[in-house]
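For reference, the structures are reproduced in the following blocks.
Same chain, two partners: chain A is paired with chain B first, then with chain C.
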Partner chain A sequence: MKARAALQKVLRQNEFYILLVIILLAIVIQARSGLFFSLDNIVALAGAMVVPGIFAVGTYMVLVSGGIDVSFPALASLAVYATTRMLVDWGWEGGLWLPLVLVIGISAVLGAFNGAFTATIAVPVLIITLGTSNVFSGFMQGALSSVQIPSIPPAMAEFGRASLLVTENPRTGHLSSLPLSFLVLVVIVAAAFVVMKYTTFGRSIYAIGGDESSAARAGVNVKRTKFALYIIAGVLAGIAGLVRTSMMGQMHPTNLLGMELMVIAAVVLGGTAITGGRGTLTGAMLGTLLIVIVQNSMILVGVPTIWQRVALGVLIIAGTAVSAVQMTRARKRQGAIV
Partner chain B sequence: MEHIISLRGISKSFAGVQALDNVTLEIAPGEVHCLAGENGSGKSTLIKVLSGVHAPDGGEIILGGESHRALTPKQAIAHGIQVIYQDFSVFPNLTVLENLAFTSEISDKRPFVSWRRMRRTAETALEKIGVSIDLDARVDSLPVAQKQLIAIARALMNDARLLVLDEPTTALTNREVARLFSVIADLTAEGVAIIFVSHKLEEVFEISQRFTIIRNGRHVITCLPEELDRASFSFYMTGREFDDERFTGGDIAADPILELDGLSVSGAFEDVSLALRPGEILGVTGLLGSGRTELALAMFGLMPHDSGRIIVDGKEAKLRGIRDAIDLGMAYVPEDRLTEGLALERSIGKNITISVIDKFVSRLGTLRESQLNAEAQRWVDRLKIATPTPANAASTLSGGNQQRVVIGKWLATGPRVLVLNGPTVGVDIGSKHDIHRVLRELAADGLAVIIISDDIPEILENCNRVLVMRDGRIVHEVDSVDTTEERLSDLMSKDVAEGGKR
Partner chain C sequence: MTTTMTPTTRMPRGLRTMFRDAHVTRLAVVLVALLAFFAIVKWPNFSSVATWQSMAMQFPEFGLLALGVMLTMVLGGIDLSVVGTANMTAIATAMLMLKIAPEGSASSTGYLALGAGVAFSLVVGAVAGAINGFLVAKVKIPAILVTLGTFELYTGIALVISGGKPISGMPPEYAYVMGSRIASYIPMVLIIFVIGAFIVWYLMNRTAFGTKLYMLGSNETAANFTGLKTTSLIVRTYTISGIFAASAGLVMLANYNSAKADYGSTYTLLAILIVVLGGINPNGGTGRLAGVVLAVIVLQVLSSLLNTFPRVSNFYRPLIWGGVLLLVIIINQWDKRGNLTRMLRWKGTRT
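What follows is the complex of A and B.
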C-alpha cells in the first residue's frame, strides 16, 4: 500500500516526467552519435548549466511567490557592465572580491527597485519587470553608452578560466573542462534548497504564492518578504552575469538579453506553477538541464542549429501547456463544473 | 456571569452610509450565539469591529475587564478571538501539516522551521478537535469540510475563547454539518464560545443557544430560541411577513413536455425516468454526490449519456450540447448563477437582453436598439421588476429585484422548461422568498420548472412533486403536500433509510 502511494506520488510529479524525457533524449542522442555519455559531453553540459542554472534558481523562487521576473537578464547585464567598466577604468589588478562585492551591491539595488514596486503598487509583476527591464537595458546602453569591453579585470578572467577538471575525448582529442564556476551553481542550489525548505522566509514565499491574503492573516509580512525576495533574485542574476562575463573573458553587454524566456520555460517545464505556490528546485534544475541538452547536444546527432531554436520553441510551448493543464485541473478540483 | 466580550452601542459609518447604528452584542463563555441578518444588514461590519479590523465611530468594547474604544487585530487575537472566514484562509498549495503549523512558526518569529516540530504541532491541533486528516495531503485535494476543520483546528491552537464562524455550512453536506456541530458541541463544553453567522433556519435553531438579529445596521432583538419561531425569525430579519403556503400546482397540462426514459450515465446515475408537465414545479433532491447535478447536466447534453432516451414533446431528442437544448426551449441555471449572473453597473435592460442579443442584430451588424429596449421593457413588466425604467443600473435594485433580472435573462431565451440547480444557495431570506414567488408565478403561466436542491423546506414549499435521488438512482417520488421535512430528510439519507446502520 505504502509503496503504491509513493509510486502514485512520483507519477503525479512533473519531475518524474521531465527526467524520463531527459533519459529518452540521452538514449536517442547516444544511439545516434555514441557521444552523449562521453565524459567531455557531460562536462560540457555541466559547464553550460551554470549560468542558466543560477538564473533558474532566482526565477523558481519568484514564480513560487506568485510573481514573475523578466528583468533579470537586463539587471545582470547592467550590474556586470557597470562593475566591469569601473574596474577596467580604474585598472583594478586585485582579487575577485571587489568585482563580486560591486556586482552584488549593484544588483541588490536594482532588485530592490523591482521589489519596492512589486510590494507597493498593485500592478502585475510582469508589467513592472517588463518596465524595469527596459529601464535597466536602456540605462546601460544609453547613459553608460555600453560597448563591448574586450578585456576584463584579470581576477575575473582567471576565475573564468579556472577549471575543476579537464577531460580529453579519446577519439577526437577535444578538450573539455568543467569550470570552477560550476561550484558556484552547486553552492547556490544548496543554499536555495535550505532557504526554501527550512526557513520561515522560504515557507512564507510558498504561502504567499498559495494565497497572499491568507499569508497576511497568518502573520507573514508580505511586503517585506516580497521586497527581500526580489533583492535575492536580483543578486542571483548579478552573480550569474558575473560568471558569464568571466567565462567569456570579455564583457558583451547584450549577450544575456533575451534569456528570460528560455529560463522561465525551463523552470515551468520543471513543474513550477506559473500561477505560484508550487514547484521544486529539483524540477527547476531538471528543466534547465533539458533545455541545455537541447541547445548543446542536438548538434551531436547532426541536427542543424536552426532546428535547435524550433525545438526550444516546442519546449516552451510544452512548458506553458503543462502549466495550463495544471491550472484547468486545479480548477476542476475546486468543483467549478460548467 | 462575565462576558468574553461585550460590544455596547456600536456605531460605524462608511462614507456617510450608516453600517451599524447602536448595536449591542454580548457573548458569554461556552455559548453558541447566532448572529443573523440579511446581506448588507451589518453582520460582517460587526464581526470586523469584534476582530479589530474596523474601528467603530461610537460605542464601547469591553474585553478582558477593560473598556476599549476600538480593538486592534493583535488585541483581539491576544484575547482569544478567532474568526474563520468563509474562504478559510488556508493555503491550497501546502500540506495539511504546514497549514496547521505555519502560523505558530511565524508568530514565534523563528528564522528556521523544523518539520518535526511542525508535525507535532499539527497532530496536537487535530487531536484537540478530535478529527484525523492525512497530514501529508495537500489541502487543495481535500473536500471543503476538511478545509474548514483545518481552519478551525488552526484557530483553536492559540487558546481561542471565542470562535466566529462566518456562514460555515454553505458548502457542506448534511453529514458534514453534523460533524461540524459535534465539534462545536465539544468546544462549547470546554468553555469556548461560538458566534455562528448563518441564515439557514434549521441549522441556527438546532445549534444556537441565543440569537441576536440585526437589520439595516440596527439591533432588532437578542433572545433565546424558545422566544422565536421560523416566522418571527424571518420577520425580525427582513421586516416582512411571509406566508408559508405550499405550492400545489395549478393547471398542470396532461402531456409531458420533457421525459427521461431510463437515462444512465455510468459512474453518475442509473436508470432515471421522469416526466415533466407544463405548469408544474418538480423537485429533485438528494445529498451531494447523489447524482442530482449530473442528472441536470445530462438532461442538457452537457454530459453524454450511456443509455436511455431524452424525449421532448413526445419525440426523442438528440442533444449534443447546450445549444441544442436551448433550441428545444430548455434553459439551465447552474448553481450560484442567480447570485453571480449580473453586471451590476450595467443597465437592467442590458442585463436581461444580453442572452438574446444576437436576435437583435440588423443586416449591417448593428443593434436594433428600439426593439432591444422593447424586449427589456417586456420582461421588466412581466417579472414586475420595481424600477422606473430598464435603463437604470442593476445596482439600483434591491436584492430580490436583482434576482428577477437574472431570471429574466434566462427567460428571454424563451424556454418552455426551466431547470434551476440550487437556485437560492447563499441567498438571504427576503430574496429567497422573492425568487420562489417568481418561480411559482412562472409555473402558473405554464412554464415547466425543475428545482434541484438539497434545501428541504425550499423543495417542499415550492414543488408539487419531489423526486429523491440516492446513489445515482431515483429512490422515491413523494407528494410535497403530505410529506414532512423530517420524512424527506430521512428519505435522502442512506443511514436512516437502512435502519440507522453505518
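What follows is the complex of A and C.
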C-alpha cells in the first residue's frame, strides 16, 4: 500500500519524466553510435556540465523566488574580466586565492546591484535584469574596452588544467579528463541542496515565490531575503565564470553572453515553475544534464550541428508542454476551473 | 440652470487623452530634452536631412518588432521569438523570390516575385505567430517559455534552410519598391512603420478586440468568467505579432538587401526595452501606443546621437540603453501618482 502511494507520488513528479527522457536519449544515442556509455563520453559530459551546472544552481534559486534573472552571464563576464585584467596587469604569479576573492567580491557587488533594484522596485525581475545585463556588458565592453586576454594568471590556468581523472577512448584514442572544477560543482550543488531544503532562508525563497504577500505576512523579510538571494546568485555566476575562464585558458569576454536562455530553459525543463514557488535542485540538474547531452551528443547520432537550435527549440517546447499539461491536470483534479 | 460652453485653453481632446498617461508625458519630455541636446551639441548632424533619413530607415526594423511585442505584453504575455520569426520569414521570402525571378529576369517577373514574396512572408509570419498563440492559449505553457522555444526553433529553421550563409541577389524590383523614397525624402520603410502603428492604434483604441485585450491583460480570471473567448483572443494576438515580425523581416531585407539567420540579434532585448519604456505594464492590462512610438524614436535618436561621437565606442550602446531603462523604471516608481503630468498640464481650468 505504502509502496503504491510512493510510486504514484514519484510518477506525478516532473523529475521522473526528465530522468526517463535522459535514459531514453542515452539508449538511442548508444544504439546509434555505441559510444554513449563509454567512460570517455561520460567524463566529457561531466566536464561540459560544470559551468552550466553552477549557473543553473543560481538560476534555480532565483526562479524559485519567482523572478527571472537574465543578467548572470553578463555579470560573470564582467566580474571575471575585471579580475583577469587587473591580475594580468599586475603580473600576479601567486595562488588561486586572490582571483577567487576578487571574483567573489566583484560579483557580490554586482549581485547587490541587481538585488537593490529587485527588492525595492515593483517591476518584473525579467525587465530589471534585462537592464542590468545591458549595463554590465556595456560597461565591460565600453568602459573597460574588453579585449580577449590570451594569457591568464598561472594559478587560474593550472586550476583549469587540473583534472581528477583522465580517460582514454579505446576506439579513437581520444583523451577526456574530468576537470577538478567538477568538485566545485558538487560542493555548490550539495550546499545549495542543504540551504534550500533545510534552512529558513531556503524555505523563505520558496515562500516568496509562492505568494509574496503571504510570505510577508508570515514573517519573511522579503526585501532582505531577495537582496541576499541576488548577491548569492551573483557570486555563483562569478564562480562559474572563473571556472570557465580557467578551463579555457584564456579570457574571452563575450563567450558566455547568450547562455542565459539555455540555462533558464534547462532549469524549467527540470520542473521549476517559471512563476516560482516550486522546483527541486535535482530537477534543475537533470534539466541541465539533458540540455548538455543534446548539445554535446547530437554528433554521436549523426545529426549535423546546424540542427542544434532546432533540436533545442523542440526540446524546450515539448518539455514545457508536458509540464504544462501535467499542471493543468493537477489543477483540474483539485477542482479549479481552468 | 443653464449650461454654457465656456471656451477654455485646455489641450485638444485627442492630445489630452494621450498625455493623461504619465509615461507618455515623461517620454515626451525626455524626447524634447534629447533633441535639444542633439541640436546644441551636434548641430551639423542635426540639421542635415541625411541624418533624419537614415534614422527613418533604421528604426522601422525594431519598431515593427516592438509593436508586435507590445500587443502580446498588453495581453500579459511576451513574445521573445519576434527576431527568429523575422529572420525565418525573411530568408524564406528571399529564397522564394529568387526561385520565381532568378538573376536577370524580366521586370514583370520581378514584380510578381515582389508581390508573392510579401504575401508569403506575411502568411508565414502569421502561422509562426499562431503556433505561439496555440501553445500559450491551449497548451497553457507560460508565454516566456513558449516564445523562448520558438525563438530557438525558428532561428534554427532559418539556419538550416539558409545553410548558415546570407541570402542575397534578390530581384532588383524588391529594392526599387521597398528601398525607395516617396517624394525623394520619405523612405518606404518608414511608411510601412506608420501603417503598422496606425493598425495597432486602430486595433487598440477603436475595436472591441483592443478593449478585450486590455481586459484579458488586467485580470485573466475575470475575463474568463465574463465569457471572453480567451483562446481566440490570445491566438489572434500572437498571430498579429507574427505578422509584424514578418514585416520587420521584410524591412531588414530591404535595408540590408540580404537575409541571414542571425540578423538583428540585439533586437529582442531592444524591443522589450522599448515596450517597457513606453509604459506598457509587463504584467499586462495597461499601456498606450503613443508611449511605444515615442520610446522607439527616443532610442533611435539616442542611438544616432551615439554614432555621431566617433570616439565613443559602439559598445556603450547597451550600457546607455540599460541605464535608460533602469532610470525610467526608477522614475516610474518614484512618480507613481503622476505628479509630473500634473506639473506639465496645459494651463486652464482645473479638472
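Keep in mind that, in the parts below, the second predicted complex is superposed on the first by the 319 of 338 C-alpha atoms of A that agree within 3 Å, B and C clash if a C-alpha of one lies under 4 Å from a C-alpha of the other, contacts with A are read in each partner's own complex, and residues count from 1 in each chain.
Everything below uses one rule, namely that a contact is a pair of C-beta atoms (placed from the backbone, for glycine too) under 8 Å apart; a residue touches a chain by one contact, two chains touch by 3 or more.
Just so it is clear, the model here is predicted, and its values are computed rather than measured.
Colleague: Following the overlay on chain A, give me a clash-or-fit verdict for chain B and chain C.
Modeller: Overlaying the two structures gives chain B and chain C room side by side.
Colleague: Touching A:131 in the superposition: chain B (first), chain C (second), both, neither?
Modeller: In the superposition, A:131 contacts chain C only.
Colleague: Quick check for you: in the superposed arrangement, does A:142 touch first (chain B), second (chain C), both or neither?
Modeller: Touch status of A:142: second partner only.
Colleague: For A:324, using the defined touch cut-off, is the partner it touches chain B, chain C, both, or neither? Pick first, second, both or neither.
Modeller: second
Colleague: Now for A:277: first (chain B), second (chain C), both, or neither, which partner does it touch?
Modeller: first
Colleague: When the two structures are laid over each other on chain A, which of chain B and chain C touches more residues of chain A?
Modeller: Touching more residues of chain A than the other partner does is C.
Colleague: On the A-aligned overlay, A:209 touches which partner chain: chain B = first, chain C = second, or both, or neither?
Modeller: Once the two structures are laid over each other on A, A:209 reaches chain B alone.
Colleague: Which partner does A:218 contact after superposing on A: first (chain B), second (chain C), both, neither?
Modeller: In the superposition, A:218 touches chain B alone.
Colleague: After lining up the shared chain so the two structures overlap, which partner does A:200 touch, if you call chain B first and chain C second: first, second, both or neither?
Modeller: A:200 contacts chain B only, not chain C.
Colleague: Report, in whole Å, the shortest distance between any C-alpha atom of chain B and any C-alpha atom of chain C after the two complexes are superposed.
Modeller: So the smallest C-alpha gap separating chain B from chain C comes to 6 Å.
Colleague: Starting from the residues of chain A touching chain B, keep only those that also touch chain C in the other complex, and list them.
Modeller: After superposing on chain A, chain A residues 337-338 contact both chain B and chain C.
Colleague: Give the list of chain A residues in touch with chain B in this complex.
Modeller: It is residues 198-201, 203-204, 206-207, 209-211, 213-215, 217-220, 273, 276-278, 330, 333-334, 337-338 of chain A that touch chain B.
Colleague: Per the contact definition, I'd like the list of chain C residues that touch chain A in the complex.
Modeller: Residues in contact with chain A: 135, 139-142, 144-146, 148-157, 159-160, 163-164, 224, 269, 272-273, 276, 282-283, 312-313, 315-323, 325-326, 329-330, 332-333.
Colleague: Can you check the complex and tell me which residues of chain B touch chain A?
Modeller: The contact residues of chain B facing chain A are 85, 87, 89-94, 98, 102-103, 105-107, 110-113, 115, 140-141, 293, 297, 302, 334.
Colleague: Quick check: in the complex, which residue numbers of chain A touch chain C?
Modeller: These residues of chain A touch chain C: 68, 117, 120-124, 126-128, 130-139, 141-143, 145, 261, 264-265, 268, 274-275, 306-317, 320-321, 323-325, 327-328, 337-338.
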